[in-house]
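Shared chain: chain A. Partners: chain B in the first complex, chain C in the second.
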Partner chain A sequence: MTNVMEVKNLRVGIRHDDEDIAIVNDVSFHLNKAETLGIVGESGCGKSMMSLSLMGLLPAGVRWQSGDIVVDDLQFKNFKTRDWRNVRGKKVSMIFQEPMSSLNPVHTIGNQIVEMLLSHEDISKKVARVRALEMLKLVGIPRPENVLKEYPFQLSGGMRQRVMIAIALACNPEILIADEPTTALDVTIQAQILELMKDIQKKLKMSIVLITHDLGVVAEVCDRVIVMYAGEIVEEANVVSLFDSPKHPYTQGLMESLPDIDNEKEYLSSIPGIVPSPGNMPKGCRFAPRCPMAHERCHIEPPTFKTEDGSNVKCWLYSEDREEVKL
Partner chain B sequence: MLTYIIRRLLHTVLVIFVISLIIFFSIRLTGDPVSVMFSAGEPSKEAIEEVRKNLGLDKPVYEQYFIFLKGLVTLDLGESFRSGTSVTSLILERLGATLALAFGGIVVAMAIAFPVGILSAVKRGTSIDFFGRIFSLIGISFPNFWLGIMLILVFAVHLRWLPSSGFESFSHLILPSITLGMILSGILARLVRSSMLEVMNQQYISTAKSKGISEWSVIIKHAFRNALLPTITFLGIQFGSLLGGTVIVEQVFAWPGVGRLIIDAINQRDYPVIQGGVIFLAVIMVLVNLIVDISYSFIDPRIKTGKGA
Partner chain C sequence: MIQEADVLLKVEQLTKYFPVKGGIFGKKTLQQVKAVDGISFEIKRGETFGIVGESGCGKSTAGRAIMRLLEPTSGDVHFEGVNLSKLDKNEMRKMRKDIQIVFQDPFASLNPRMRVYDIIEEPLINFEMGDKKERKVRVHEVAEQVGLTIAQLSRLPHEFSGGQRQRIGIARALVTKPKLIIADEPVSALDVSIQSQVLNLMRDLQKEFGLTYIFISHDLSVVKHFCDRIGVMYLGKMVEITNKHDLYDDPLHPYAKSLLSALPTSHPLQVKERIILEGDVPSPSNPPSGCTFHPRCFACMDVCKTVAPTLQEVKSNHFVSCHLFEEEGVKSG
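Showing the complex of A and B:
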């Protein structure tokens, strides 16, 4: 399997009182060709911030502190705005959580796709319009000729998300980052959109990074999963091992908080406490204060251990006789 | 769209009617116009009665109002008490100058405020933003008569580049337009900045950036176009008030505009000119607002079809 993206020791954060506070702390992972990598975690665990850094779209005030991202022969670290322009849309594309507000209300659907094509490919407007039409067909939009001339407000949320996918994939990028692409949609529409993404992935052989807090979505579409907690990766596993035997106590907690139709529990279990805020991180393991299995060693930050089924987990519970890995 | 325009025009008729009521009766509270007409000596009672009769002021007030209203419907605003010229022609005579000045002012304001406002927003928190805000503050706090006089001193008196007063050619328009535009641009730049900042936070701006298009494309095509809406509203209202409210600038530059016509008429209690002038400005104001509303639909497609976001 070829590696299309490598994230190395990425640290992203804010500067406060002359101190760098990390929101994403020392995150490393890779992405294989044509695979779907899920990134899961609670709100505020840094998954969105991490995904934005993959596109150089960090909000004002949030800075890239250290580490690097490598796609092909490009190292993103010292990129200027100009360099990013060649990555965005062409190598890496992104779709967002809110399809209702992701499209510009004052431009037609057609123009919003054409704009993407014209900025990366040396083609005429006419050709770009034909390509835009093809894209709309690809994402399964009914009466695409009309939709080309319509404005975002004339489409439903699901249709808009399809349009977003059409825009994102117009220039055939290697990587699609989908930040909670179905969270704002109805359940039935969610399934359609996920299916569509899987479908197109097969056709175009692209890799998907799917950011979500919905484990159901993960089970459905992901090949491999990264679990993030408080800005760090706590577990990395293929999707089968993750659901069969979740390793990290945090992952186990996430699994237990899923409603289960076979199991007649009176209450849904939840993980007590909330994610600590950046700048107030506990020493050692960041999950320790909320962890039911915490012990003395957890005051020291655990390294990442490799387990028998190939999962990597950042927890002392897996230290016995196991190999420490550098992700 | 057409039914919308017709509805708005009917609305306008109602507005004009209410304004005619207010203006007609309120100026009659200011005192007798005839008494200020005789400059020297005590006029005889007969002479006063004669004048009142000639001007139609001897009739009961409600009857005077109906005569005025009837004239209004037939677009006849009556004749000036002073000169006897028809009010319509007095206004039309000055309309060109007023329109030219209002347009000039707006154009100058946009030319200054759009770039300043956009840059301030894009470079928020930098020295550019700081100077942009200082500029706005200066624009807002300068008295326009002072700015006008300074401009005349520099460009007309010292450099002799431009004429100082009157309205004869394009070059006459430059200094008064700058005077009006500078003042207006202070507020306008603030408005552009704040609506740009709001728009720049929208999700679709992230989408635009994620496409890898140029930064200026994002700013102008995606952000500015959306930030224009509140700006257009403001400009429309300003344009309306520029038509009647530029008296000070008109005075400084000896500009023969409608504003001065009305002020002079008020000083002389020249009822027909006051009524006609105010009604005229009201009509213009309402029409400008209508044009502004229609122009929305060209900027924001959501409005054309009458659907919300």
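Showing the complex of A and C:
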């Protein structure tokens, strides 16, 4: 398998009182060709900030502190605005959670797709318009000729998300980053969109990074999964082993707190306490204060990655004599 | 059928239409949005009744119309034998001591300028329950029951996390010792690990105080975990009402079937036969003729396009509103 993207020791954060506070701390992973990599975690775990840094879209005040992202021979770290513009949409594209606020309300759907095409490719407006129509057909929009002339408010949530996907894929990017693409949608529409994403991936052979908090969506579409907690990766595994035998106590807690539709129990187990805030992180393992299996060492020293049954897990529970691994 | 004495709440043909105003002075009613269109069901004392459906199906409006936070357009709601729709404003206000509501957004439903103690105490003052001393005892008691410490009571809502705010909302609903609590998406704004804490709390409280819940949610796995009986809503109508095992093992209505099949799998290797629905939910201001589900239905017959089906008991305690299960439907289909 070829590696299309590599994230190396990425650290993203804010500066507060002359101190660098990390929101994403020392995150490393890679993305294979034509795979779907899931990134799961609860709100505030840094998954959205990480995905924004992949596109160079960090909000004001949030800074890239260290580390690098490599796609092909490009190193994103030293990118200027113009470099980013060449990459966005062409190599890496993104779709967001709320399709209404990511589409421009005063331009027609057609113009928004055409704009994307014209900014990256040397084609005429006419050709771009034909391509836009093809894209709408690809994402399964009924009566695409009419939709081309319509405005975002005339479409439903599911249709808007399809348009977002059409715009994101217009220039054939190698990598699609999908940040909670179905969270704002109903289950029946969610099923349609997930089906569409799987379908298009097969056709275009692209790699997807899917950011979500929903383990059901992960089970549905992902090949490999990264679990994040408090700005760090705590576990990386292929999707089947993650569901069969989660290794990290946090992943286990997360799995058990989900109501299982096939197995009934009277009470759900839950993880006590809440996620610590950035700038106020525990000294040792960040999950230690909430961990049912924490021992003395966990509170003093942050753990390193160990391999256990093919999964990589950042936890002291997995024997110490093994070598540290790099993701 | 359910024994009359066991029934805590009986809803009959409840409707809520919102007028769409227009014209030069904005006084002419152009059309009606039928948010809730004639729903009927009964809830037994001590049970949890779930209302599920997609956004815009009218489930929240139904919850609000039951306790007359929104004045229903027509229909009756009987609570312990009292017809709520016949009460005047003042009597209804007193009735709400027994019917309380927990809202979805724990950030918007708490007054940011009030201390937690005052938020929980306010219903007691409203309903003139006890003097200052007694109220204090009661607030402390309830706070402890939902897992808040006495020290936290003097804080403001913004100092709490989402899960803890939802506990405050539950404490406020619980303080008047209600019989029925309407929980409108109480956990959908919360992360899964926090969601399970709140669901466990609600279950504990139900056992301890014999509470009856109406649990409104779009999350089918949470509803299965938490509810005893479930009503599935589509475009303002109840299409299927039954206990949770019958619904999840053997859904009858085509909409309920496809809704359940659309759920993501709980394991990556699980293969699911999926019925992918075409299109979107139609606008409730201009619903399709006949059965409102017919344009998206995979089992649509001619009769569905013209005649609206009614809710009928097709198996014991399993109510479905679909022509497939009516005498005529069986013949022609």
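Keep this in mind: the second predicted complex is superposed on the first by the 313 of 327 C-alpha atoms of A that agree within 3 Å, B and C clash if a C-alpha of one lies under 4 Å from a C-alpha of the other, contacts with A are read in each partner's own complex, and residues count from 1 in each chain.
The rule is simple: a contact is a pair of C-beta atoms (placed from the backbone, for glycine too) under 8 Å apart; a residue touches a chain by one contact, two chains touch by 3 or more.
This structure is a prediction, so every number in the text was calculated from the model and none was measured.
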Just to be sure I read the superposition right, which of the two partners does A:240 touch: chain B = first, chain C = second, or both, or neither? second
Quick one: classify A:55 as touching chain B (first), chain C (second), both or neither. first
Classify the contacts of A:119 with the two partner chains as first (chain B alone), second (chain C alone), both, or neither. first
Touch test for A:309: chain B only (first), chain C only (second), both, or neither? neither
Answer with first, second, both or neither: which of chain B and chain C does A:199 touch in the superposed model? neither
Taking the superposition as given, does A:102 touch the first partner, chain B, the second, chain C, both, or neither? first
Using the superposition on chain A described above, determine whether A:262 touches chain B (first), chain C (second), both, or neither. second
Tell me which partner touches more residues of chain A in the superposed arrangement, chain B or chain C. C
Residue numbers on chain A that touch chain B, as the complex places them: 55, 57, 60, 81, 84-90, 93-94, 96, 98, 101-108, 115-116, 119-120, 151, 153-154, 164, 167-168
Chain C - residues contacting chain A, complex: 54-55, 161, 163, 191-197, 199-200, 203, 218, 220-222, 224-226, 248, 258-259, 261-270, 274, 276-277, 279-281
Would you mind writing out the residues of chain A in touch with chain C in their complex? 42-43, 142, 156-159, 186-192, 194-195, 213-220, 222, 239-240, 243, 253-254, 257-262, 264, 266-272, 274
Touching chain A in the complex: which residues of chain B? 124, 202-204, 206-215, 217, 221-222, 225-226, 299-302, 305, 307-309
